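First up is the structure itself, then whatever we jot down about it.
By written order: A, B, C and D. Residues from 1 in each chain.
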Amino acid sequence: MIRVGVIAAVGYAGRELLRLAVSHPEIKITAAVELEAGKKLADAMPSFAKVLDIELETFDPDSLAKKCDVVFLALHGGKGIPIVAALRSAGVRVIDMGPDFRIKDSQLFQKYYGVEHTATELLKEAVYGLVPYYRESIREAQLVAVPGCYPISVILPLRPLNEFLEGVVIADCISGVSGAGRALSEPLHYPEMNENVRAYKLGIHQHIPEIEQETGNRFMVQFTPHVGPYTRGILSTITARPKGDVDVAKAYNRYGQEPFVRVYAEGKLPELRFVRASNFCDIGWAMDRRTGNLIIVSAIDNLLGGTAGMAMQCFNVMFGFDERTALRFGGMVP
Amino acid sequence: MIRVGVIAAVGYAGRELLRLAVSHPEIKITAAVELEAGKKLADAMPSFAKVLDIELETFDPDSLAKKCDVVFLALHGGKGIPIVAALRSAGVRVIDMGPDFRIKDSQLFQKYYGVEHTATELLKEAVYGLVPYYRESIREAQLVAVPGCYPISVILPLRPLNEFLEGVVIADCISGVSGAGRALSEPLHYPEMNENVRAYKLGIHQHIPEIEQETGNRFMVQFTPHVGPYTRGILSTITARPKGDVDVAKAYNRYGQEPFVRVYAEGKLPELRFVRASNFCDIGWAMDRRTGNLIIVSAIDNLLGGTAGMAMQCFNVMFGFDERTALRFGGMVP
Amino acid sequence: MIRVGVIAAVGYAGRELLRLAVSHPEIKITAAVELEAGKKLADAMPSFAKVLDIELETFDPDSLAKKCDVVFLALHGGKGIPIVAALRSAGVRVIDMGPDFRIKDSQLFQKYYGVEHTATELLKEAVYGLVPYYRESIREAQLVAVPGCYPISVILPLRPLNEFLEGVVIADCISGVSGAGRALSEPLHYPEMNENVRAYKLGIHQHIPEIEQETGNRFMVQFTPHVGPYTRGILSTITARPKGDVDVAKAYNRYGQEPFVRVYAEGKLPELRFVRASNFCDIGWAMDRRTGNLIIVSAIDNLLGGTAGMAMQCFNVMFGFDERTALRFGGMVP
Amino acid sequence: MIRVGVIAAVGYAGRELLRLAVSHPEIKITAAVELEAGKKLADAMPSFAKVLDIELETFDPDSLAKKCDVVFLALHGGKGIPIVAALRSAGVRVIDMGPDFRIKDSQLFQKYYGVEHTATELLKEAVYGLVPYYRESIREAQLVAVPGCYPISVILPLRPLNEFLEGVVIADCISGVSGAGRALSEPLHYPEMNENVRAYKLGIHQHIPEIEQETGNRFMVQFTPHVGPYTRGILSTITARPKGDVDVAKAYNRYGQEPFVRVYAEGKLPELRFVRASNFCDIGWAMDRRTGNLIIVSAIDNLLGGTAGMAMQCFNVMFGFDERTALRFGGMVP
């Protein structure tokens, strides 16, 4: 049994990771760190009653080092840096679902997150946890930076096509509201957000440098995120103008053996319902011969395939389990 | 490995059962029966791609008897009778998620379902699959009639209080739209149902005799079902006037050891979110001293704790597995 | 032209009143009071750009008295008392969409709202603004207390039946989230409330004394409010046991001439969609001969027929306009 | 009073037009044509009870000519052609909310709608009912072709920038489900569509030639429509690469006097909630200096500003009323 701790256990990513972890036959959850320390997890989150009997505790790296083989965390930009540094100093393997160790260029990190990176030596050690591309490095990694939800939905469809693209690729993406996390705000108050759609952070979203880094900085990405009136899921619509002929189906053959990437036949398009509550990234595409554009649509569940599911897949790779352990379920429809 | 077949595999109950079954370590899915016979399951339901590679087939009881140890089904009232009869004749154990073998009185069945019951001898054999009350009989059962979704949400909170109640108990329940199944209709067309709530089938709903049978016919149940603008979950609000004093908390102690029933402290109330995508039935209650009424609120996920989850729990009991196998997850919040 | 002011202009009731008022041919909006004083209304609420060009101002009763013939307000329990008192002292007619002048018994007000009533003399003057029952008094009223949303949905269907009922009447009601107003809270954060239903305030809700007062204190009302995952609308399901025979259709004949109450034929039930964005209260009912219970279902749009629409209807009565002015539209479906 | 008839009166566009028309002080609704002829409108659509007392009738152009000054209709591609032809022969003015007279090139019409155009002479007569651009022609028009919902949301933001754009402009649009109308289908069944988003008709949508015609065929439009889990509203996100410098704010100055177009300050973005249930088209934009792209976001209510509201504005122009008559309300928030 692998002893697992979770920091920010009641945050949306932490909750989801714990929800998965209880059904993993090789995981023993030994620590749950949260601000409401002293409370039972099930008192903070009634969904865990009779599921996981654990007391929330404050952050203590030495204590965690003693009782955990690996610690997952998910904190806002910059907040995770000292936590991860302390955990690594104490010798714990870390799977970071937050953004702090994804961007290799600390200048870019500072520019987009508005926070100085104070653990740049760990940036070198960190492995980007996009399993289909970094499987081998993840196996031995001491620190895994799980990709962002939007980046997963954009990088997986684009990266096999890197060599065929140039200029500016348009990524118009829409996310369910859970992507914004637990923090209250007027625009996310139910009566304001229900039946509403909006775009936000045009041209300045912090996922831009992550996407461009992981597509090889071969083209710019015009990333326009939207939020829509539903809880889970990201649908990304990507429009690109290929240079010359590109055999898209062939480029996607690399995903044939991936357990959680599904590529549709040309012209068939994914929908959120088919990936809901699952770890899958579904990819569909069509060539528009009239305009010369390639349009790709991808779908993930932002909290699973986009966060906690990808993190669990990383965990399975790191500890030598079948990658599908605790992740076997398909989309929940309806 | 237990070899499992599912009839009406693409219906909402069948899909959900299959979704659970793929993560059960002791299940091998050997047959999926559906009208679209000849198609791959994943072609009918893209959510199963890379999850379950099986071809849909037509109903053939002998073929199913050869390759299945147990068959699940979920058909509309009356449609399951000949199917179950044929399966039982062929010697297969059956877990029926439909309504055909729940009501012991075939006259009542005919009255509420409008169909004559043509297999009354099987009614005697059938065990009502409400695990907390029929666990021992389920263990040896050849035919299990999984309770209806509304009945589960009403019987579980009421049955421990049977002896304290009389007269008419009011059960106002609201279900998500998935409870109505896959069949298209104008009132369930998205733009009509979204942002809508309605009551329906006042005084004539087919779940009335099932609820009254399983609460011992000690009181009548005024059952008023509603449908609301969401996909999953039943919240049942039950108002009853106890005769004399009743120690509600004590009466509910019987659920202390139940893996999937959670009783809240007095005055705390369950919500759909805490049971979503889980097998739990959560129960809360309050005594209103002003009016003398006891108000009980229960919450289930109608497709899980209300159908496929309860069916899977029956399966686990029948085949001697830990009841929580493939059902370990708590509510999915958000 | 009647000169109208609105206090709490950006609150959900205030906004809705303003939205209606701009299409009223005899209204000139002369004041909008809100905390964001100094801002343009359209800067606080972009929906009003090119619709209503007015600057938000702070509360000044003398200033309002000079420029308004009538002032609408909607504040939380107790907050409106000094405001209304000041306005009345300044001689302005007031239409209060808040709860402060609905309950005639100041002891009951204090018990349920937790606030002492400091203007009991105005309680005597205040007219309860339920148009079908107080039309004549409203005509001359200086202070109208617009009924609460839940009370409207329960009183309108019950009051014609007052003489036939006794004991405890059960009112299980479900409201859209807008009923809770603008204030942020974790349970109303979009990802928590979406796909969720819950009951709340069992036996202690502040609308109980209002409902019982206006149904003549002939029976108690077991009022159980719920909130569901949609923005607007209240569906109330009322279960009562009539003494002796009652000709329900005949009792409801009194609504035949009411412009905004629609009674359905026996067995036909209203739905939120048919009243959405309208001022109607729709009423349906069925007698369950098996149990002897009468079940009534009513539907309103809580912000219109339940608040601002009823307030506008009061206004039309007070100033002698056709009651339907600015309220002519039927339900918005879809 | 102008005498108005509506064909397809219970369709989503027809209903909405009628809902508006009842509050128009100069309209008398004299005919409602629908398949359920013989029924009262309110029996087909309970939302119209006590609002509009009219009997549905079958289509008879001569009868309509006698009792209507103008007829509105909304039928699927091609179905409206003979109807409009008959009405025009009978001398009635027509406002067609369907697609049959929008595209001037009958070859293109046939290519995208799959139907031959059998009234090409009426194509010449028809005026495209986009009020800000065709106000003068609409005034005298005998046949107005109201623009499509998506086209309105794309043409209004693009047309002032026509001269600055070239190549391919990307329009990723998302519509509420009401845009698909009343016809039942599995993907629009509530439990399938709720919490779902999908793209559809990539590169082949019938609104492409309409958009390109009305932006002067100066650039191609890569139009990618999506449908999201809500009832009303289109949010269009348009990405374009201007040639040289463009003063966007200045180009949009033309909308300063338009009653129903609102342009936001640079960087401010519209949301569906601000236009919900209103006739407005809101436009926001930002220049992304990093990529050189201009991103424009527009929001409309597809059934109002996108259909029936625009049709009513056309009507007001045709008959000399204030354009805002029956359309004065701002967005309904919440």
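General observations
Going forward, contacts are C-beta pairs under 8 Å (C-beta built on N, C-alpha and C of every residue); 3 or more make two chains touch, one makes a residue touch a chain.
Computed from a prediction, not measured in an experiment: that's the story for all the values here.
For the pairs A-D and C-D, the larger set of C-beta contacts lies at A-D.
Farthest from chain B in terms of Cα centroid separation is D. Separating the CA-averaged centres of chain A and chain C is a span of 45 Å.
Note on chain placement: the centre of chain A and the centre of chain D lie 39 Å apart, centres being C-alpha means. Averaging C-alpha coordinates per chain places the centre of chain C 35 Å away from that of chain D. Taken residue by residue, chain C touches two or more other chains at 12, 176-178, 191, 194-195, 229-232, 270-271, 273, 276, 333-334, whereas all remaining positions touch fewer. Those residues of chain C that touch chain D in the complex are listed here as 12, 15-16, 19-20, 22-23, 25, 45-52, 177-178, 195, 231-232, 259-260, 262, 264, 270-271, 273-278, 280, 282, 303, 328-334. Those residues of chain C that touch chain B in the complex are listed here as 168, 170, 172, 174, 176, 191-192, 194-200, 202-203, 220, 222, 224, 226, 228-233, 235, 237, 239, 241, 267, 269-273, 276, 286, 288-293, 295, 297, 299, 333-334.
Only residues 12, 176-178, 182, 184-186, 188-191, 193-195, 229-231 of chain A touch chain C when the two sit together in their complex.
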